[in-house]
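Labels for the chains are A, B, C and D, by order of writing; each one numbers its residues from 1.
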């Protein structure tokens, strides 16, 4: 089944994301993940209804092209290539990511599924992606990598949302599309300001406000 | 007593006269005993009467720093002492004034006297008199509980809050028993401290730095000083009546009762004189321990009552 | 439903953003605020007549929250002209526009009967308020904005996932779109329990982040500390109320499905944790704006604690929402004035505020006393009743912990407040030209007066509405003696 | 009832003229406050002497669902407590004209808040509903806080006011808990009798402990007294007189109300109160002995007197739980009368102390002396207060202590003889120590020679300050000389404290109050006659004090306050732990040496302050939790989520 392959690929991209040190590559991988997820609704056998098409196109365009474009533009300004000295090293990150994926499977096991759907892998994959996004947010120092993490986190939610796209398209569309557009847009602006004000994108410098 | 209002009135009159006139005799007796013990002839027994008569003729000298309080001390001491004398039974069963709770008033009248004496000492601004005043209040803080615990024991025994009943009707359980001995022992200590007798204080010295009462009245003279001396003797009498009260049998006629009372007072004076002759004054730091012994004695008396 | 409540502020926001005259901009702001309040009051008349299938409309709960936000907004809007006049260096366009958009979005949220719309409204309020936090355009405000956005967005993403979980729970049970709250509650027996529980956990963490429940509150001190007082007031009283409302809606569904014990346990836990965390950071807190931020964390804790205890406490948690919002406006606005006068918000530098800014100094002191539960101010009523309900409905240890924490927080907070308000202004500190004027203090005085009135009296229709709102969130039983007395008095025939 | 409400209103408004007019408004405030006092005392007399028809009149405030019924009831307890409240407020207000004149900072503010304080106090005594009670309670506390803060430029004042605020708020929180438990039992926030048997239950115990600590904080019961000395010392003296005279009595009011609700108090309640009373009384006076600050000294005496009052209430409670009406009547009556008496003489003492501070500009005892000649009227007023507070006949202090003594002596006959015995011993010790302390205070301040230039240049205070002292002194004398006047009002109050269907004997039948008046006559008469006899004749010689041979004594060589108290303080050093600085003098030709001894507050300086500092330090150690790193903040969110999910699954 195609959707199972796509989901497996998504989970694999998660591991790539936590293991990569080059910022540019992590943007690429996130974009690839976005495309994967964007294509996913077309493979679910729900037909080519206007909702489904809209979702697919929007996701592919936004996740696969627009956001990576924004991020690359910000990256070009500050001349950063590598994420050096993350809070959590790459090996440990990989292990944590594996652990998270395992936990996601356990957790998903506790959540019953509607019988007969094609969604067996969706819940663990969604939770694993969510966790990966969180892991990136927590472990990385560069603001831009953190935004990538946020993007991955959103991908996880999107993946879960696809489970409902057939029965409740309205809810999913309103939520997810808005989230994608506005959230990332504002973040792009903020990243812009940060690079101007701090002349770098290391969030270590963003720790002056504390107790 | 209600059967013989006339006898009763007579007794009241006798009581008042005793309180007013007889007290200066006690210091005289004590001093006579002390002199005899020391092998001297000593001053006459009525010496204090002569002193008082002479002092009341003399011109008084006042310190420039003093205010009216200076005079209030001696005046208040005598006034309070005389009123207190009306609350304690002498030779008869009941004091001229007796009511539930008079025992507290009795104790507080002495407190009033002390307060005014101390203030009149402080009024001079002399550091010697200040020192005496400080000692007076310090020792009183220990004497007071001993007095009250003794009252508590008597109250527990008699079920009464009136001094007359407590002293004159101590009850069969109490009389000549262990608690009574302890109470009397405690009160004897209080008696010596309150009256500034040896071993707490030495009434004969005036310039030694170890004194309490005498140093507080250094600046008094003339009539105020007469009041001071009279007040001190009054205290000896009234507290003496308190001390001998519980052991008087009071079972004979009025006349004999009074006789017993007077004899007991003489006996007390002799004992005090004897004690002063054979004992030395304590070091000032030992005095609190002595007083604590008094508190403990009366406290034990109370506890023994419960057994 | 009242479209105009949503549309009017949004149009006004557009206009304010477009025009160039600062004078007209603040006039639009104030006028919109007044009109909005009037509109809310008019719309409240119909809270009981919400049609069953409506997607948008005011019910008792939403009406109560919207009323609070509208009043709070009015206070801030009346304060804004004087404040903006003091800040000619900053562009008022984005500021005014953001404020007005927030009002519109809050109106949308309050009227939303659909979890999706609720979520959208929350998301957009986050975005609308982000520029407000960045108002000062310096490094610190940027850092605060960055933290606010990222933590807030993550939280909201979790809330979205939680909403989707609940939708899936409904989907499994065969409940069809549209997933209106009313329908979810009516068909609550059909919802899948594991999904519902997981969904509640996710929304609790998500909206809890937005509310500022410990330990997800960490953006709060930074954001509140770096914004102007007026924004702090709006965030602490308005945005948090929005998130709380969103959480309450989900809680109502969960409670209707019979999962209330599970949810209440979580709410009580978060409540106590928030109060404890706030207490830890309020002790020896030298920065008075951060102090207020932690106080906000504390009071968010009290809100969820009240809901978690349930019954009478839930009703007074709703009451506390209003009390807290209004008092926080007084505190943040006066703190802003004091900050302006001293050009510092740190303790060793700010002393003797009642000498330099007498009105603001007194208001800050009174606000502090009010928020810590001093009668006859309104927060006392709610804190008293929450404690009472906890102690008499079997939550003995919760009630005890609540009172102990209130005491400890008072201890910590009073230390800073007294050092700041009393004494002599330090001589070395430069004196800025700022002075208390009528325009910078009158809105606060009005707000404080309202808090005082609320502590003593409340109009009958509002009481009825509050009671029905409480019933929606599990506060059905009139457990308090005051309630019983009231009932008895109603029987007696109203002998006033 | 309407008189009572009018009195509250007038008191509340008394400071307002000063705010709105150009003139200072001090006289207007005093006039309004005096009017209020007259109205209020009239109303009280109406109730207490039984002229009032119904006894209790109840006011219902306009209510809402949130507040429910606001009840204010002018019952005998309220009427009794209202008398000192308004009397002291009025005297303080008159006194304020001269004492806190317009040249002082914040004079209008002081008058305004003093008016409000009086109003809240007056409302509190009549509050019979938890909300109204707490409202008036906190209102009172806050007004007092602002008044203590009057001289907020002094760091010490700020600290004192802060400690006070924290203590009073803690107390209020405890009261909230207590009222909650109580309302849980009675089903109403309105005060009403508790169900039979509740007091002995676990919840009843919790309620009692909460009330004990809550009211104890306000009353200044040791070890909860530690806010009191510094707050009283820091406040303007007329405010101190109100605080010490009536504000701390509101804690006692609370205890009295509590007694009236409980039909069957367990025996240990009274025992606890007696024990606390004994500790407060003895420690209070012991700590007072070692003070150098005149107002702190008086403040510690307030703690002592609260102890005496608690002894009385405790004995009364023991009487109530063991069914001994005599004990009940005497204990409660003594405590209640002592409430009134203490407010009169302590108010008087604070006013006189204020007069001294006003004249010399210092509170330090060691810089005073000889003021009796310079300010004779103030000295006389202080002497009356001192006389009364030592419980010496024939003034009012003796009467109330006498009643408590009577209760204690009667209690000895019970099987629970221990607590009466403790009372007896404690009262005896307290009496002796108080006498020592006030001999020291009066002696060092007013007698001897001035120890400093300020003291030497002191002058008598204006009549606006002397008249209030005179009023209070007269009141002290009136109660002392005619205590029988208090019997009927006390019987009225006592009837509210009786148990279920219990008829208490009258106070007059248990205590021979007329005897006290009767015996005062010979005492005064003798005093008068002897005075006439011994008074200095015009030709009496005046000489310097005899220096016992030392020819050049000066004022600094007088016995000081510290030396006076040294014997007692050293004797009790095992509980007081005086802090001594400076060493012994050694050798034959010693260098000049300094010597100081201070008496730290055992609770504030040795427990509360270090405890709070330590706690704050520990809590500061948790600051690392918010070090500013966004990643860690996000990790909190993640961990919370994971933990909750795991918790949900498990």
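Please note the rule applied: a residue touches a chain if its C-beta (ideal position, glycine included) is under 8 Å from a C-beta of that chain, and two chains touch if they have at least 3 such contacts.
This is a predicted model, so every value here is computed, not measured.
Across the assembly, the mean Cα position most removed from that of chain D is the one of A. Pairs A-D and C-D differ in how many C-beta pairs touch across them, and the larger number is found at C-D. Chain B and chain C, compared by their mean Cα positions, are separated by 77 Å. Chain D has its Cα centroid 69 Å from the Cα centroid of chain A. Chain centres here are Cα means. That of chain A falls 100 Å from that of chain B. If each chain is reduced to the centroid of its CA atoms, chain C and chain D end up 42 Å from each other.
Across the assembly, chain C contributes 146-147, 150, 154, 198, 221-222, 281 as residues in contact with two or more other chains.
Touching two or more other chains at once are residues 623, 626, 628, 630, 634, 637, 645 of chain D. Shared contact sites, meaning residues of chain A that touch two or more other chains, fall at 110, 134, 137, 146, 203, 206-209, 211. Looking at the complex, you find that chain D touches chain B at residues 369-370, 372-373, 376, 379, 383, 387, 390-393, 398, 401-402, 405-406, 409-410, 412-413, 417, 421, 424-425, 427-429, 431-433, 435-436, 438-440, 442-444, 446-449, 510-512, 515-516, 518-519, 522-523, 526-527, 530-531, 533-537, 539-549, 553, 555, 557-559, 563-568, 571.
Within the complex formed with chain C, the residues of chain D that make contact are 60, 62-69, 131, 134-135, 137-139, 142, 149, 152-153, 155, 158, 161-162, 165-166, 169-170, 172-174, 176-177, 179-181, 183-184, 186-190, 612, 615-616, 619-620, 622-623, 625-626, 628, 630, 633-634, 636-637, 640-641, 644-645, 648.
Against chain C, in their complex, chain A makes its touches with residues 110-112, 114, 130, 134, 137, 143, 146, 150, 153-154, 156-157, 160-161, 163-164, 167-168, 170-172, 174-176, 178-179, 182-183, 186-187, 190, 193-194, 197-198, 203, 206-209, 211. On the chain B side of its complex with chain D, the touching residues are 59-67, 69, 71-72, 74-76, 78-80, 82-83, 86, 97, 99-105, 107-109, 111-112, 114-115, 118-119, 122-131, 133-135, 137-138, 140-145, 147-149, 151-152, 155-156, 159, 161, 207, 218-219, 222-224, 226-227, 288, 302, 306. Put simply, chain A touches chain D in their complex at residues 87, 103, 106-107, 110, 131, 134, 137-141, 146, 203-204, 206-211.
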